[in-house]
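Each of the next two complexes has subunit A plus one other chain: subunit B in the first, subunit C in the second.
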Partner chain A sequence: MLGEVGQLLINGLVAGTILAVPAIGFTAIYAVLRFPNFSLASHLTIGAFAGYAANVSWGWPATGAVLVAFVVAGLAGVLNDELVLKPLRPAGVLTTAIAAVALTIVLENVVRFVWGNELRGYDLPIQRDWHVAGLRIGAQQVKNLGIAVGAMLAVFAFLAWTRTGKAMRAVADNPTLADIKGVDPDRVARLVNFAGMGLAGIGGMLVGLDTSIDPLTGFRVILSVFAAAVVGGLGSIPGAVVGALTIGVGEELSLLVLAPAYRTAVGFAAILLVLTLRPRGILGERAY
Partner chain B sequence: MENYLVAMLVFAGVYALLALGLNVVWGMAGMINLGLVGFFGLGAYVAALLARRAGWPMAAGLPAAALVAAGAGALVALVTARLRGDYLAIVTLGFSEVVRVTASNEIWLTNGTDGISGIPGPWRGQVSPAAFNLIYLGLVAAAVLVVLVALERVRHSPYGRVLRAIRDDDQVATVAGKPVRAFKVEAFALSAAILGLAGALYAHYTSYIAPEAFAPLISIYIVLALTAGGTGNNHGAVLGAALVVFFMESTRFVTGALPGLSAVQAAAVREMLIGASLILVLRVRPAGLVPERIRPVPVR
Partner chain C sequence: MSETRLSRRTLLTSAAAAAGALALPARARAQGAPVRLGTLTPLTGAGGSYGPPMRRAMEWVVGEVNAAGGILGRQVELVSEDDQTNPEAAVRAARKLIDVDRVAAIMGTWASAVTTAVAPLCWESKTFLTTVSGSDSITQLPHQGYLIRTQPNTHLQIGKLGDFLLWLKVKRVFVLGAQTPFALPSQNRLREILTKGGSEMVGAVIYDKDKTTFRSEIDQALRTKPDMVYLNGYTPDVTVLAKELYKAGYTGGRIALGYAANAKFLASLPAEVTDGIYTAQPTSALESTGYRRLAKALGSDDLDPYTCQCHDHASLVCLAIGHARGEATGTAVRDHLRRISQGPGVKVDSAVEGLKLLAQGKAINYEGASGPCDFTESGDILDCKIRFEQAEKGKFKVVTTL
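Moving on to the complex of A and B:
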């Protein structure tokens, strides 16, 4: 029993760290543009398939293919926002959110049109799992963990030390003041879309490395991503990490009492619980 | 061909009920429900199980399905009462996924992904299929008419006015002494009852239901129908539903005529068109084809 809990905890921490990557993307876009961009689901899928193309069709190693996932999903994010969501933003948060769901359906079907419905796996070297004190850890899990932590460190360094990162935080904190100080809001919007959707793409690839991918990959995890962002405090980047770890561990521990199919219900329950007890999330809404 | 047309009209009627149900929460009270297919599915399963397992007649199954869905709607409204609109969007979407996952996995109750077959319909098997289709069309048309008239009464009543006030500014409604939360819960329950009724009518018509019939895409169809028709306008909801069914069926012919597409690709093109048209409607005509008209308050 104790060993089982330990194994679930480890799996949960790995899953939560992976979940944190798209959750940071979601919360960063929310912090700057102030609407929940549910089309992150389809960008996650786009990243997963871009990485698949690089990995399987061109024969790149998975670690390099992650970069392709980031760039392709990021560029798609900028393009889709410019063409579809940006013109709708003046119509209100809810209209934009509904349009983002519709956009997800369109993009998901573009992927389905090209690759079909079947499950696909990445081309990975076969490695033996590691056994430490009775707990099983996959070598690929450790690599995924490394990629996820690397991506997160890059985000924190970018926000803390670069001029553009500071501009982003300024817009998230007070858009009017940032505008007066000469920060171009459109440029920051494009940047946050590129970075946020790019992180979603990395997240999609990491989820796929763990299991397999299909056009619904993003749709299946979007509730967990949203739950992570909400639980940690929508708009807070450290909050997204805390929230993702909470959701990841919570989903794994739920396996002790629930059938695996009901994992999605955990995110749902977590949103309701946190919003009822602590409406602004664990860390509140401060961007950074 | 005639049978096909009648069947499409029946589906248009079911979609019209869904759009009318959505209009109660989204159009009148301003709460989004992107998981409406969950209540639709719940109604369908309740009706199917009562008919197949307990042998209830359809006349008793329909109100029971509406009641169970209304109860679920009240519950969802109670636990989400404090959520902001954009949170409500994803939480309701999550609710419908929970319904679908439950229907797929509680095999002892729902027969899992195999679905429930042999759901009886009025005089099915005793009359010719064409006659059955026509009888059912009459039944669905009557249901749409009754719901439409009833909702128009609600809309023009003081009750409907409070709902619109909550939609436009719930703080003002609170200050005016209206129990906003109770109104929201009631509106959600009423809406869910209509959605559940639509589900029961659907189950008795198709005679077979399975979890995949209640995919989230249906909710998007209905949001499209209501937005295209005119959010807040009951007549617009019915018109929008008819248009969406017509549009979906015509895309079936268009994608069927395109050479070199596999079945999966044709289905993907149709879903792309649905999503794209929702975005287009939001962009070009956000108030819909028949915008909501509110009578000015008479000056005494």
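Moving on to the complex of A and C:
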């Protein structure tokens, strides 16, 4: 029993860390632009496929391919926001959120049009897992953990120490005041879209590294990503990390009492619970 | 340009004449007239690669029957339509076959959705329907006996799979099943077979196939120390499961159905992961003379199961009409089909040979190119051969056929 819990905790922490990367993207976009951008799902997929192209077609190692995933998904994010979502923002939050859902369906089908529906796996050596003290840990899991933690540290460093990072936090905190102080909101919007969707792209690739990818990769995880952001506090970046770890561990630990088929329900239950008891989320909505 | 006008009088006269002709007893109309049968196969759409050989197999059977003098002297006329793998198009085509061509039987529907749409038209017009669709629900339709299918359903396939596992002397089986309508029925059926044979189902998990990782499910399976894991899902999730089982250090047996562990599955994983995995899939009676004759006639040594099944559809329908002394109606086919498909009669594997024996007043039992072709009351086949293969160095090799 104890071994079982230990194994589930490890699996949950790894899943949670991977989930945290796109969750940071989601919550950062929310913090600056104030709408839930569900098109993150398809950017996850775009990143996964961009990484696939780099890894399989050009023979790049996984760590290099992750950078390609970041850049391509980030650029796609900026482009899609400029062309589709930005013109709709004056029409209200709900309209923009619905447009983002529509956008994600369109983009997902663009990916399907180019790559087809079949399942693709990254070109990685398949290794047997390590067994340590009765617990099973995969080499790829450890690598993914490393990439995810690295990406998160980079985000925190960027927000804390760079001028643009500070500008982003200023806009998230008080857009009017930031505008008066001369921070260009359009520039910050483009930047947060690039970084947020880029992180989603990394997340998509990390998800795919351990399994396989297809045009629905992003769609499958978007609920967990959304749940992580809500649980941690929409708009709070450390909150997204806490929320992601909570959801990741919670989904795994639920297996002690639930059949695996009901695992997806954990995300919904967490959203429900948090919105009822603490609507601002665990860490509230302070951006940083 | 002169205008042809249809006066009300001519219209009425000709309509009355036509109605009168139709009102004549069927027997009188059909004297020496050809027997009409319809084929409804997917020549285009998702099933488009299967339909053409299916139709050719039926055309070949009819050609042979006609060359040998037809059914009790009556030639057989085949009317072929395309169902476009689309229920809507299939219904239009079936209406034409039933109302205009007045066929006794429609043969060869492939997609389950198409069969489900066409079946009510058939039983309402008392037209016989033969299909290769596999969905369990099809034979549960209220078809009043006007339908048979030659594709095995879940119950039959899993039963054979259980027999195979017992044959392998497997003792502890774990089932990892995707969440599908067939997950629970196949689990229960397998448990029944294993328990009866002295083995055990040590556990089963139904997983959400849209999850990105199945580590916890794998852990759950491995804790029960199985010597065989049955992966009852589709290609995407079975691929991930096979990979994760390997990573987890599992070295026992694995088995999956042929449509899940297919060529694409082999291609997407390295051989060290796929080696040793067993697959099960329905197969035609490859050793039978019926199969070999058809393969030679169609110029292929690897016929797909549907083509063989369609060969049997046409043969069965011709023989049933022969048994009904030439009465070419759907009801006659329904009432006589099981009298030529099963029972103690002389075994035959071709329509021509069967018709000859029927003419001599002998009883026959048709065994086809697809299998024994014996049917239950509800129209399912009683038995079917399942071929078991094992992956070796990235290729499948036949292990046995049950």
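In the analysis below, the second predicted complex is superposed on the first by the 288 of 288 C-alpha atoms of A that agree within 3 Å, B and C clash if a C-alpha of one lies under 4 Å from a C-alpha of the other, contacts with A are read in each partner's own complex, and residues count from 1 in each chain.
Note that in this section a residue touches a chain if its C-beta (ideal position, glycine included) is under 8 Å from a C-beta of that chain, and two chains touch if they have at least 3 such contacts.
Every value quoted in this text rests on a predicted model; they were computed, and no experiment measured them.
Chemist: Given the touch rule stated above, what does A:Asp214 touch, subunit B (first), subunit C (second), both, or neither?
Modeler: A:Asp214 contacts subunit C only, not subunit B.
Chemist: Report for A:Glu4: first if it touches subunit B alone, second if subunit C alone, otherwise both or neither.
Modeler: Touch partner of A:Glu4: subunit C, not subunit B.
Chemist: Does subunit B (first) or subunit C (second) touch A:Arg278, or do both, or does neither?
Modeler: Neither partner.
Chemist: Which partner does A:Phe113 reach: the first (subunit B), the second (subunit C), both, or neither?
Modeler: first
Chemist: Is A:Arg187 touching the first partner subunit B, the second partner subunit C, both, or neither of them?
Modeler: Neither partner.
Chemist: Just checking: does A:Glu252 make contact with subunit B only, subunit C only, both, or neither of them? Give me first, second, both or neither.
Modeler: second
Chemist: Contact-wise, after the overlay, does A:Ala97 reach subunit B, subunit C, both or neither (first, second, both, neither)?
Modeler: The first partner, subunit B, only.
Chemist: Both subunit B and subunit C contact which residues of subunit A?
Modeler: Common interface on subunit A, subunit B vs subunit C: 259, 261-262, 264.
Chemist: In the complex of these two chains, what residues of subunit B are touching subunit A?
Modeler: Listed in rising order, the residues are 32, 34, 79-80, 82-83, 85-87, 89-91, 93-95, 97-98, 101-102, 104-105, 216-217, 220, 223-224, 227, 262, 264-265, 267-269, 271-272, 274-276, 278-279, 282-283, 286.
Chemist: Which part of subunit A faces subunit B closely enough to touch in the complex?
Modeler: Subunit A reaches subunit B through residues 35-36, 38, 84, 87-88, 91, 93-95, 97-99, 101-106, 108-110, 112-113, 116-117, 219, 222-223, 226, 230, 259, 261-262, 264-265, 267-268, 271-272, 275-276, 279.
Chemist: Using the touch rule from the top, collect the residues of subunit A that touch subunit C in their complex.
Modeler: Per the touch definition, subunit A meets subunit C at residues 4, 7-8, 11, 15, 118-121, 126-129, 131, 136, 138, 140, 207-208, 210-212, 214, 216-217, 220-221, 252, 255, 259-264.
Chemist: In the complex formed with subunit A, which residues of subunit C make contact?
Modeler: Contact set of subunit C toward subunit A: 179, 205-208, 210-217, 219-220, 223, 235-236, 239-240, 243, 246-249, 264, 268-270, 272-273.
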